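One chain, chain A, links the two complexes that follow: it is found with chain B in the first and with chain C in the second.
The block that comes next holds the complex of A and B.
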């Protein structure tokens, strides 16, 4: 392992700025998100908290131009967006958010490659920060990893007070650190301290779900309409639990046009909490709110494992922290009905 | 039989970005009903025009640049590649804008996406096509596909209905199939209407009356959800097993390639795993949001 003194991090960030757009956790307008480092502010070095807006926005921006178009005499001409994304380095991503990116990679790699997303993904270095102070509503340890898991980052940093211990996880990470000034070998004492920081963060996590028990109960709970109606009763369908979810990736596609006939096609985050999301001229499979709440839970805990072999949730706790009506997904998951087969009889005939 | 099989899927033709539409030109417009028009179109790019292939049942994302995209099947047959066709009911922003376009206007097309009707499974069997309203559009692609390879299939029954005589789509096809001695064509409307001398009654009831044999047969059903819902039990009564019944599902879609999220029925994504499913598969879905 290596280390760098906090006072020298500015130099490291400046080195990275030569090769990358450097994104750091930034506070803005009462929220926080990964934003381009201004070259000055280093307050984020001591904050070590998850941003409100998850770093998925660095790969799937909330609004993204897919292509432009203009009308010429002999018809429309498309102006494809630059397919090669600029190189970016995201500094201070927590293990849960890095895991979330690895999770949504599966969707964007599946069958048809999503050039926009994958181009950003391929041109990104993830500099992780071991989580030292999880929130009360975090439950990452229940999802098979933990606040210091380095599986999904290129470089892992651990805050040991006056320094960061550096673990180079991937070749890409090694390359990014190579030749950096002020990066020195960590001492055994540093490594021990890093270990203690990681362990103490893990010990702070008290919220738990039992994914085995949940997997057992989900099939029968699906048809328990009254259970879902009760859960959904207080939901206001605001969508915040999806917009701020680091693994929610659904999007809409929309066109904008100017008077001269030129314009662009955009995609923007969309949300299964909205009835219009699935509404068709004649029917809507999820017009009822309880179906939409159920969709949110099942997409993460049932459909995603079915399709990709992994739960589509990282336990980051954002959906709990930001919910205006205090819905707690872990309460729902921990209280799934044990199930009776009789309910399946109510299943509708297919259309 | 698993129709929702990846081997059944045709890959997007163009390399690279599946979100970029191909520009196509409208060559002809047919007024099918007061609310439905069929558009004949061809790609502007000569090379694409020659190389483009699709299979009956597949769909595309059609766009009017600046207005947006909407999802329709290709309603023409891959056996007739002189041009492509799509039939569009005027219901929303994009379809209204499409209805205002004239011959020569340019549209965007992404596709073909999704799986297709299982021609191999249907070969050598008697075929029963049951359609209602604009639901004939995807079946029409398949029917012409079958009729253009007539020797490969057994008897062909077509049962088609609409609310009123004016709501019957593809009247020129209905006439052609009436005349075709290898086709047993039944057309019906929901209620008595002036100058209508044909069958009267809902599609499921008329299907029961026509009573096609289930022996070595496949039924392909497409129409409004309510029609499909009532037709499956009739076919079951006639002896069709769920594996012998095929339909194509409709869901709101945006991307067409399994990313944008909204067309799921549980873990099934209609754009990626469908839109063609057997009733057996539908019955096995874990979700009731069909």
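The block that comes next holds the complex of A and C.
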């Protein structure tokens, strides 16, 4: 492992700025998100809690031009928006958000390869930072990893006070650190300290879910209408939990056209909580709110594991913390009706 | 004090459910995060003891009324009660189906302001206690004292409670909030002092952050349209893409649509995950409505809705 003094990180960021757009956790715009480093602010070195808008916005922007078009005599001519995705380096991403990117990779690399997403992905270096202060809504340890897990980043930093211990995880990570000034070998004492910091962050998490029990209960709970109606009663069907979810990837596609027939095709975030979701191509099969709330839970905890073998949630808790009515997915997951009882109850009830 | 009120509320609600006077009760329960309260919709008297009252019950519960069936009792601060009457005025709910339980409110503590003042997130704060006009906030770094005005929600600073006559029951004694009209007017005055160009820049900057999650619209009790103009496609009024221009049009039109129905409860601004100061718009709009029409939404259930009632003898003929 290596290390760098905190006061030298500015130099490292400046070095990276020559090759990349460097993104850091920032509140400068008025909301909390990953933003291009202004060359000044370094507050995130000492205090870095999850941003409100997740870093998925760096891969799946809320406004993305797919291609332009114009009308000629014999039809439309497409003008690909093919400028290469910018080389970006995301500094200070937490393990939960890095895991989330790895999770949505599976969708965008599936049967159809999404070149827009993948070209951004291929041109990005993720510099992770072990999460030292999880929120009271966090439950990543229940999802098979933890606040200091380095699996999904290129480089991992752990704050040991006056320095960061650096783990180079991927070749891309090694390359980014290579030749950096002020990066030195970490001592065994530094590594020990980093281990302690990681363990203490893990110990700070208090929220828990039991994924085995959830997997057992979900199949039968699906038909328990009264359970879902009760769970959904206080949801107001806004888009906060999905838009701010680091693993929600739904998008809508729209053409914008001038009278002369020229224009462009764009995509933007979409949300299964909205009553108008999918109404453009056909209709929303989930007119009632309880069906939409159920969909969100099942997509993450049932359909995603079936399709890709992993739960589509990283326990970052944004859906809980940002929800205007404090709807809490862990309460739903921890109170799923037990299989057969739920089924019977549903069948006995007159509909 | 809070405990007494809670006990009284629970007793009254139990009574209403037992006697079959209402089928359901909409109130507040304890939330899952520190200081959080959450809407609680119950029909079983076994759940009555989950009802709470404290200075963090910010939600305007009237947003749930059109969707909850049967006779419904609802726990309401005076500002929220005006939204209920606004819904009645606009024929969204029949008055006789709602039983309004007024709770004394000295104002709601705005956790966003607490976070700004202390530099801490809410889960890093151990305790918030409120005595008289002082609020003490305790954390690992020690205790700090603030005036109530510093931490109260903007909508509470502008509160002019009193004079509302539509409660079916009041728990405890209704007392006016420690309002500070000058303080709440400050944001609007600052805005009024700007040149049109500065104002344009200001809102351009604010609306550039909007992600179009529609939380402001969904949390709003008087945004009750089944279909919102933003989702119309023929014609398409605004682009679904969250560009600042379209975001601004969305909000400007929304404000015009709720003029005369909005009570400036503050929920849209509190719900916004990217901190757009929507309260400046709702506050100014309420001022205009009052100034031009001497009208306050939700005060009189028999008063016609401001923007949805028309008399044939009216001078303006634009509707004829």
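Methods note: the second predicted complex is superposed on the first by the 322 of 351 C-alpha atoms of A that agree within 3 Å, B and C clash if a C-alpha of one lies under 4 Å from a C-alpha of the other, contacts with A are read in each partner's own complex, and residues count from 1 in each chain.
What we mean here is this: a contact is a pair of C-beta atoms (placed from the backbone, for glycine too) under 8 Å apart; a residue touches a chain by one contact, two chains touch by 3 or more.
Keep in mind that this is a model prediction, so the values were computed, not measured.
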First (chain B), second (chain C), both or neither touched by A:331: second
More chain A residues in contact - chain B or chain C: B
Partner chain in contact with A:153 - chain B first, chain C second, else both or neither: neither
Touched partner set for A:252, first chain B, second chain C, both or neither: both
Chain B versus chain C as contact partner of A:280, first or second or both or neither: both
Which of chain B and chain C A:111 touches, first, second, both or neither: first
Touching partner for A:302 - first (chain B), second (chain C), both, neither: first
Residues of chain A contacting chain B in one complex and chain C in the other: 252, 254, 256, 280
Residue ranges of chain A touching chain B (in the complex, touch as defined): 66-67, 69, 75-76, 78, 80, 83, 107-108, 110-112, 114-116, 219, 222-223, 249-257, 261, 263, 265, 267, 270, 272, 277-283, 285-286, 291, 295, 298-299, 302-303, 306-307, 347-351
Residue ranges of chain B touching chain A (in the complex, touch as defined): 6, 9, 12, 16-21, 23, 25, 44, 63, 65-69, 89, 91-92, 106, 108, 224-226, 228-229, 232-233, 249-252, 254-255, 257-267, 272, 279, 282-283, 285-290
Sites on chain A touched by chain C in the complex: 29-31, 49, 52-53, 62-63, 133, 135-137, 233-234, 236-240, 243-244, 252, 254, 256, 266, 268-269, 271, 274, 276, 280, 289, 320-322, 324-328, 330-331
Contact footprint of chain A on chain C as seen in their complex: 31-34, 36-41, 59, 63-64, 67-68, 121, 123-124, 205-206, 208-209, 211-215, 217-219, 227, 231, 233, 239-243, 267, 270-271, 273-276
